[in-house]
Amino acid sequence: MTNQSPIISVNKITKTFFNRGQPQKILDQISFDVQRGELISILGKSGCGKSTLLNLIGGFDLEKEGEILLDGQVVNQPSRRCVMLMQNYGLLPWRSVLKNVELPLENTGMSKKEIRERAKYYLHMVGLGDKLDAFPKELSGGMQQRVAIARAFVIQPEVILMDEPFAALDAFTRYYLQDELIKIQEKENTTILLVTHDIDEAIYLSNRIFMLSANPGRIYQELKIPSSRPRDRSSLQFQKYREIIFRNFHFNHPIAPIELNV
Amino acid sequence: GTGGAKSTGSEREKPTIKIGYLPITHAVPLFYMEEEEFENFNLELVKFGSWPELMDALNTGQINGASVLISLAMYAKEQGIDLKAVALSHRDGNVLVVANNITSVQDLKGKNFAVPHKYSTHNVLLYQMLKKAGMKYEDVKVIELPPTEMPAALAEGRISGYVVAEPFGALSVSLGKGKVLYQDKEIWPNSVDCALVLRNDWIESDRELAQKFVNEFVKAGEEAEKKDDHIYELTSKYFNVEKDVLNLSLKWIEYDNLKIDEEAYEKLRESLIEMKLSKNPPTYKEFVDHSLIDGAK
Amino acid sequence: MIKMKNLKNVLIGFTLLIVIWQLIIIVGNYEEALLPSPLKVGEAVLSIILNGTFFVHLQVSFMRFFIGYLSSVVIAVILGLILGRLARLWAIIDPIVQVIRPVSPIAWSPFIVLWFGIGDIPAIVIIFIASFFPVLLSTVSAVRKIDKTYLRVAQNFEIKQPQLMWKIIFPASFSYIANGLHIALGAAWIFLVAGEMVGAQSGLGFLIVDARNSLRLDIVIAGIIFIGICGLILDKGIKLFERWVEKHWGGLESSAN
Amino acid sequence: MIKMKNLKNVLIGFTLLIVIWQLIIIVGNYEEALLPSPLKVGEAVLSIILNGTFFVHLQVSFMRFFIGYLSSVVIAVILGLILGRLARLWAIIDPIVQVIRPVSPIAWSPFIVLWFGIGDIPAIVIIFIASFFPVLLSTVSAVRKIDKTYLRVAQNFEIKQPQLMWKIIFPASFSYIANGLHIALGAAWIFLVAGEMVGAQSGLGFLIVDARNSLRLDIVIAGIIFIGICGLILDKGIKLFERWVEKHWGGLESSAN
Amino acid sequence: MTNQSPIISVNKITKTFFNRGQPQKILDQISFDVQRGELISILGKSGCGKSTLLNLIGGFDLEKEGEILLDGQVVNQPSRRCVMLMQNYGLLPWRSVLKNVELPLENTGMSKKEIRERAKYYLHMVGLGDKLDAFPKELSGGMQQRVAIARAFVIQPEVILMDEPFAALDAFTRYYLQDELIKIQEKENTTILLVTHDIDEAIYLSNRIFMLSANPGRIYQELKIPSSRPRDRSSLQFQKYREIIFRNFHFNHPIAPIELNV
């Protein structure tokens, strides 16, 4: 998008977990750069190491080989500049919607009034202006995810990391939120790194898609999607990308035919 | 504790007599008896942790008798439990112990003073002492406390004095945390304290056996009165105190002439009424059965 | 409607109980002094209510109970929140707690008198002990079991101590702590009788002990009934409190228990 | 490795405890007869181990404890499984249970002596009472909270009583029941001392009460230590049992507590 | 498929729930027939009453207006002839995989040996022949769902009701299981009624799709998909059906554009 230095730079990251003393290489020599304002999807099967990778980038897990740079600086702890959207929203159930969104602003030296207004602004933006005093559990999954999105954007971070943000939602809500996300992201020009196993979602949202293989996790394909957004899910071009990815994951037809006669 | 009071003995058809007690010097004759073998019965001593627990067992007939504060038994009798006092467990041997800074009864005004049980002879002793000194019972704050807690409470200044069965008085004296303000005989000569109380239904069912038991009890009392090395040795098995504590408390007590004196009993009875502890305690005639101890002579 | 039905059930329940009780007396042929009849107990209940004894004792007991329980809870929760975060210190303290916890507060009574004297304080101390360990242990384990997500959110937004404690850790572990408070309340109330056995001259526990010493078993049962009912009320009270907090603080998942 | 570290922590913990204890004695200037020193207690511990007293009492206590606890648990679980399914009967019994439960087993002792005499049985009965209600209540609530899915699966496959009970309801509620068993174990053990106060001539509780009455406070503390350690061992034991069942029965979600 | 009488016949079903005393009509006058061997999908948004409808058909919920017939008989309790596959699999966690599959056979008078063999046969069929002694929690979500499928087929019911069977699985596993399901169903010729909010899933699997609207739930469109299975997810025909459904749900483009300036 720009010719500036990359906002995120992942250099030869290798991550090994120990299960019962046995080392298991989950991520193997992963390298990529992300430019400011990009929306990158990381696509892979369950258990291939997507969350692990996001945790490393966010600074939540520091044990690794290799180096991760956020805006040129080594990541050695989580920071406000790079907000993680958790797989299960990560809302605090004991705080109202408004107070959840205020949370990240509370230690920034802003006045109470400013904080409140900023929080309200972002909640309106995600269409929850009328739910300020509700508690998370009173909301549907889709609404909870919107609160989480508002909370992520409210401190205007440089990067937002999203771990399967829409996986728990039904298809219709998912589509709707995907559109919302694109609009907000374009407005705020935030860099987003999104982990998913939904092929359509990746195609619909991303500037680039990294496909991650399992055992060990490697980026074995990068797919650029230059067309402008919003995209037409039933367009021919969309189908082309689907087919490319299907082929890549050998999933157009199942790998092993099912044994019917045992 | 399965057989209950009516269980007949195990070997050689000897009946078993169950007698409850608390580990205090007042029960020394029983300690002596436990060491002995008897021709006609087996003796099973049942130790209790506190008077209420002992009384529960006696009232419900789980034991045949007990060495118990006579006033507790009187109270139970008044409530309709058929009990008989047949002999004293001891004579005298109670002391009123006070903190070192207390010099006279008057000093106790407004202070905490502990007794083991409100229906105890000890409470009556306190009452008598205050009366003698011209004070009212209400002038001190009377507190019921387990005897074992009393020395510690006195040592820490939580109470200013107490009156209780031995050796708990002697303990404070020998620790130097308290002193004897009065011996019981100074306040109330021939006071009636612990008695051997038996269930009347049991006496009635086998008077002969009861007689034999009382005979042995009286004999044991006489042995205990010797306060010789054997008695010391025996006693120290039941409660662990330094030799001087034991000496002291045995010095204060007697185990002979265990017949319950009618006059002393009446005095106790009147005091209980006077103190409003009891409306109508049983009379000597109703409650004391001196035939057994008379028979032992 | 629901209230009415509840009341009906309660009535049926207690009628049943009284019938069984009376049957036991008839069949077992017990002496009145040893097992009083429902009627006698009813009289005793009425008499101690009417002459005011009950309320005097109740007040004293409640006072002791709340001082013991509340101080215990406050200290145990604060300690628990701290120790729950200091894994290494807890590893040292844990074995001590584990050995002290199973010991009955009754067993301590010689030492309680030595240190705390007689009267109100020993009762308070015994109640304190009885509630201290359940609350401490449940708080520590609550803190250690906090959903990691919340801690990560805090890290992400750079929330540091002491805010971390009261903005994240305390509320996140609260529903579990509340469960500990609940258990502790029951445990502490059960030890009221034991607590008021040591040199107390008032309180519901004393009422029972004293009645027992006076062979007034009708009053003992009356006391038992009062203790039972008050315990029940306390239990309902803390349940309401739990629910209130839950509502006030929104969606704390209802306590695991 | 882990074992070694645990051991080190235990050692540090207890060393600390002993130091504090000795300090209290020095600072408070307590009489040896009123607060024995660690050394004296150590001697007492050794002596009652060496002369065998400890094991005699331990055996008796364990025997009473297990009879009381196990009979209580078996009865309470069976009753709970049944009552949990009979909502209307439970609505009647529940208020009675709620009133009886907060009453200390100690308060019942006059009646326990009346019905159960002295010796082993009262101790067993008190332990029985102490564990009965936690198990009953947790079983009933476990049964009522069973995930509806399991009941629907049973309906779907036309599984009727009594198979419904032992194929579905019991295993489905087990992890929660186990939690009740765990709590009950602690509660029952705490009442061991109280149980062995009534006319018992043996047992760890008697050891403590007797030592206290014989003014051997060193043995009282030794007894407290033994009770603590045994309680701890029991606790670990039931935890192992829970884990064993969990493993054996597969994925019961680990108990809520 | 055939000209026999319908296996399931739903006649003017209306279901009303009471929330805080307020009646709320969830299902309104729903009627349809299902022929033997058909695979029917019911497609609708979250909360539109799909699970409610399935519960009524399965006999788990009897309070309703209208009538439901299973093979000509009124449904008045759940039965083995119509097995429900729960939204969260409904496996018994305390039983091993094999014993879970044996469960429905245990009261049928079959011998232990027969039961075991039948259970093993169906577990092999779903590719879990090597997991017989594992416990459900030791399996991935996809494997758990296969156990549930084996357990449903093992008593050879006339109808299987499926409530979002693959919703919790990642896309790749989902595709794989969908293929498995088709094969087993064709082999056993079982009638399947499947509830979903995944459009692709409905198109890929069904003979007919009922689209359910919300508030109150009505079947406002029925879509026949005559093409043979397995279908090609990236084929043009597939896209055609997608588009029809998108249009129906007004979801090709979001209904309400998101408010960006509050």
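Letters are used for the chains, namely A, B, C, D and E, taken in the order the chains are written, and counting of residues starts over at 1 for each.
In this text, contacts are C-beta pairs under 8 Å (C-beta built on N, C-alpha and C of every residue); 3 or more make two chains touch, one makes a residue touch a chain.
In UniProt terms, the chains line up like this: A, E = NitT/TauT family transport system ATP-binding protein; C, D = NitT/TauT family transport system permease protein.
Values in this document were obtained by computation on a predicted structure and should not be read as measured data.
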Q) By label order, what chains touch chain D and chain E together? A) none
Q) Quick one: which chains contact chain A and chain B both? A) C
Q. Since chain C and chain D are copies that touch, is their contact same (over half of the numbers shared) or different (under half)?
A. same
Q. Where is the C-beta contact count highest, in terms of which two chains?
A. C-D
**Q.** Mean-CA-position distance for chain D and chain C (Å)
**A.** 17
Q.
Centroid of chain B to centroid of chain C, CA atoms only: how many Å?
A. 38
Q: Find the geometric centre of each of chain A and chain C from their Cα atoms only, then give the gap between the two centres in Å, rounded to an integer.
A: 48
Q. If you look at chain B, which of its residues touch at least two other chains?
A. 56, 60, 148, 152, 155
Q.
Counting only residues that touch at least two other chains, what does the list for chain D look like?
A. 34, 109-110, 114, 197, 212
Q.
Which positions in chain E are in touch with at least two other chains?
A. none
Q: Write out all the pairs of touching chains, ordered by chain label.
A: A-C, A-E, B-C, B-D, C-D, D-E
Q) Which positions of chain C touch chain B when the two form their complex? A) 31-34, 109-110, 113-115, 117-119, 198-199, 201, 209-210, 212-215
Q.
With touch defined as at the start, can you tell me which chain B residues reach chain C in the complex?
A. 51-52, 55-56, 59-60, 75-76, 79-81, 112, 114, 117-119, 143-146, 148-149, 152-153, 155-156, 158-159
Q. In the complex of these two chains, what residues of chain A are touching chain E?
A. 45-47, 121, 124-127, 129, 140-141, 167, 169-173, 175-176, 179-180, 183-184, 187, 197-199, 230, 232-234, 239, 242-243, 246, 249, 251-254, 258-260, 262
Q | chain D residues within the chain E interface of the complex | A | 149-150, 152-153, 155-160, 163, 167-168, 171-172, 174, 249-253
Q) Touching chain C in the complex: which residues of chain A? A) 58, 60, 77-80, 83-84, 86, 88, 90, 92-96, 103-104, 106-107, 135-138, 155
